[in-house]
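Notes follow once the structure below has been shown.
Residue numbering begins at 1 within each chain, and the chains themselves are lettered A, B and C in the order written.
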Amino acid sequence: MHNLGQLAQIIKAELIGDPQALVQRARPFDLAGEGDITFAVNAAYRSRITQSPATAIIIAPPAEASNVNLLIAANPKLAYARAIQALHGKPYQPTGVSSDLIAGRGTAMGRDLSIHPRVTIGQDSVIGDRVTLHAGVVICDRCRIGDDTIIFPNVTVYDDSEIGSRVIIHAGTVIGADGFGFVPDEEGRKVKMLQMGRVRIEDDCEIGANCAIDRGGFGDTVIERGAKLDNLIQVGHNTEIGEDTVVVALTGFSGGTRVGRRCVIAGQVGTVHHISIGDGATVTAKAVVTKNVRAGARVGGMMPARDYKDWKRSQVLYFKLPEIVERLKRLEKAVRKMEADDN
Amino acid sequence: MHNLGQLAQIIKAELIGDPQALVQRARPFDLAGEGDITFAVNAAYRSRITQSPATAIIIAPPAEASNVNLLIAANPKLAYARAIQALHGKPYQPTGVSSDLIAGRGTAMGRDLSIHPRVTIGQDSVIGDRVTLHAGVVICDRCRIGDDTIIFPNVTVYDDSEIGSRVIIHAGTVIGADGFGFVPDEEGRKVKMLQMGRVRIEDDCEIGANCAIDRGGFGDTVIERGAKLDNLIQVGHNTEIGEDTVVVALTGFSGGTRVGRRCVIAGQVGTVHHISIGDGATVTAKAVVTKNVRAGARVGGMMPARDYKDWKRSQVLYFKLPEIVERLKRLEKAVRKMEADDN
Amino acid sequence: MHNLGQLAQIIKAELIGDPQALVQRARPFDLAGEGDITFAVNAAYRSRITQSPATAIIIAPPAEASNVNLLIAANPKLAYARAIQALHGKPYQPTGVSSDLIAGRGTAMGRDLSIHPRVTIGQDSVIGDRVTLHAGVVICDRCRIGDDTIIFPNVTVYDDSEIGSRVIIHAGTVIGADGFGFVPDEEGRKVKMLQMGRVRIEDDCEIGANCAIDRGGFGDTVIERGAKLDNLIQVGHNTEIGEDTVVVALTGFSGGTRVGRRCVIAGQVGTVHHISIGDGATVTAKAVVTKNVRAGARVGGMMPARDYKDWKRSQVLYFKLPEIVERLKRLEKAVRKMEADDN
């Protein structure tokens, strides 16, 4: 529980109202009541703030007179995210190391840990302080897990992976499997390119569930500080994802992709080998990125769904575009001729 | 083993033939022999029923004279599915609770269980009767698992998830990981929106392998009664999937998608945040659904694969469509002018 | 460590230089130094071979005079892959069988095994010689795992699966879950088609992380000898993937797809039920294969990403193609009329 005076400071908002009023929960606008803080996500909600029974409402400037306590913030959603953290975030409490931990020779464990049952750690790994490892986590040899990192159940971390501090890895994700590198031999059989690099995940990253982040061929696959990956994402060998970039579910990065900082990569996107996407670029859903994208650009390419028959009609004509253009050319020629004849 | 008289009742078909004839297996048409029941999936197979050595064949109406025992059913595939169940489905036999079960304080276990080795359950969870949990399953705190539910190996169920009765969850699936919610702060760093909701999976659902079904932000992500999900499906926070809807592999639902009842969502489909898809709608493979879809509609949008050169040619012209339309306009103007001059 | 004389034989290249020179590492061109072998991947690198401090460089013919030791190979990348194997591949060393292995009745274990802790094997399975099973692997009943196969952590192998020799399966992958087969009943509820087939993975395959390969309905899902699958791939029931075919990440095969030998299936591809793709065909990224593809063909279909506004402009006109073609027809008619009038 916080009073609004404290909370305004924590969420970096300006309070117009009673600094002693107490809030104990953050709740969506339509569910918020007495003792709750909420936010008005858009003009429609804003027009209803005087009717809300919430104890406080976060809004964007300008301030206005109101019977409700208002918290004015340039970015109300950000202020709301901070309010949720302040009211609902639970301070870390170590649960200790399960007696059935299996850890190999040379592995060093930090302090104040929360190691659940059925965790397996290989040899010569280093586990930082206040790390949480859930049941079924397998960490192989020579890995490093930074302080305050949380790894959910059934995650696999292959040999030699390096994971920073305050990282969250959701269940089922695989870090450091071999990159996909094969060369056909004289008979067409595929010869494996040994994958000798590593995965490095920097501080403050969050990786969703059931992702696959492959180790580098030579050198490292890198997820830079603060990048956030959704679920079921494929990161090919030697790909680098820049700081604070977000990547939505089911996207796949081919080997050697370089994604800049603060990019937004939407869902089900694919990239071709070795292309690079500049800082701050946006790639919209389902696009296949086949060329470098410059910083700040917005690229897309997939058709939205339409009525099936409409789409089918256009799709048939799409494949007739060469013929359509031929017909257009013939017409242009005929018209030019007629125009010349007329003169 | 069943005689055809019994089986006709079970599969709700009309028997034309010997009610005492015995069948012990269901088999595909081309493999079916003496003692087998099969079905004629289309006219081509139907024309061959008199040559089949099968003991019985399920066909659609109308009935016909035949040397083979026929089972007439409005939906032969449905009747066949029921025949397979009747002949090959195994009644549940509890295998007991493995002595190495790890279960936390306050967790209540039902009766007649099949708990394989290496299962981990947290605190204050409730496991129903006749539940099967395979090796490597991790169920966290305060979960509920309904009666007769089967969870395959290495599935993770996060805190507070609710799973109904007769649900099947295939291996590697993750239920209840955090939704993907972040807000950039003043420096562009991503602040996590705490995900405080839950996942609720209702009775009779089946979830494929390696899916990821995120918990709600506030409120729940819901898979309604009887919905069936294939493998590698992403379900974002607060998405609701309606009763008896089927979803094919590699599809991703953004947060807050509402999918109606009895929809068919094909493979590799994507949806944009907060759109809704009406009851009975069909979305064809790979479409990106960017707007609401009305009940019963059929929407699509992805191009089928074509000869690479043909496609490339059309694809180049696709990006010239604005120019093509300009040329068309100029022509129309020229022709109108000539027509006017002629008059 | 090898001398160049030996290494030339191993990698099937022609040495121009000192057969006694020693190399101990393979390294990328720009990182290679004394004691290293590398390869010149293209003309740009080739022009720089005299400046490289590497001990040996693999190049394509023709040979040339150089101060560096050269290894001439028709396929330099293949020769390089072999050099990496020769210098960095580690001979198998059995680590033994962990004392906490749980294996059911009737399961037979081979010799010289590496069974890590927390492995679970069901009943009546057969594990070959020199097999490596990592922590968290669950192998169910009546499975066969061939010699020299490596299965990484948290992989699930369902009942009755057959896995060949020298197969590699990466972490989190699920082999043999039920295929996706349902029939709506009279009330629209989905009745499960029992999935009674198996999965068979032949020798020398490699399967990436977090894949899902479903068992057959009747009969088998088959991954033929030497096929290589990347991460997060969906293989539907009764699909067959031919020898030495490679499949890139996030691709999904519907049930009953037949993929020939030595095909290249790029990333995020989808296939429609029961189509077949001929030997040696290529399917480019993100295509949806809706019809049979003949041997050797190259098919594609997804638009590459473009500037968002350009793409939006074309995309709007795409849906106006029927109208554009109408306008074209009217023009053609008007022009024909005018031409006739002129004559």
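Heads up, the rule we're going with is that a contact is a pair of C-beta atoms (placed from the backbone, for glycine too) under 8 Å apart; a residue touches a chain by one contact, two chains touch by 3 or more.
The structure displayed is predicted, hence computed values, not measured ones.
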Inset, instruction - Name the shape of the chain contact graph, picking from line, ring, star, complete and other. - result: complete
Inset, instruction - List the interface residue numbers of subunit B and of subunit C, divide the shared ones by all numbers used, and answer same when the ratio is over half, different when under half. - result: different
Inset, instruction - Could you grab the centroid distance between subunit B and subunit C? Build each centroid from C-alpha atoms only and quote it in angstrom. - result: 26
Legend entry - Multi-partner residues of subunit C (each touching 2 or more other chains): 118, 136, 154, 172, 210, 232, 250, 268, 286, 302-304, 306, 311, 318, 324, 328, 331, 335, 338
Inset, instruction - Could you pull out which subunit C residues touch subunit B in their complex? - result: 102, 118, 120, 136, 138, 140, 154, 156, 158, 172-174, 177-178, 180, 182-186, 188-194, 196, 210-212, 214, 218-219, 232, 234, 236, 250, 252, 254, 268, 270, 272, 282-284, 286-291, 293, 297-304, 306, 310-311, 313-314, 317-318, 320, 324, 327-328, 331, 334-335, 338, 341
Inset, instruction - In the complex, go through subunit C and note every residue touching subunit A. - result: 27-28, 31, 75, 77-78, 80-82, 84-85, 88-89, 100, 116-118, 134-136, 152-154, 168, 170-172, 204, 206, 208-210, 226, 228, 230-232, 244, 246, 248-250, 261-262, 267-268, 285-286, 302-309, 311-312, 315, 318-319, 321-322, 324-325, 328, 331-332, 335, 338-339, 342
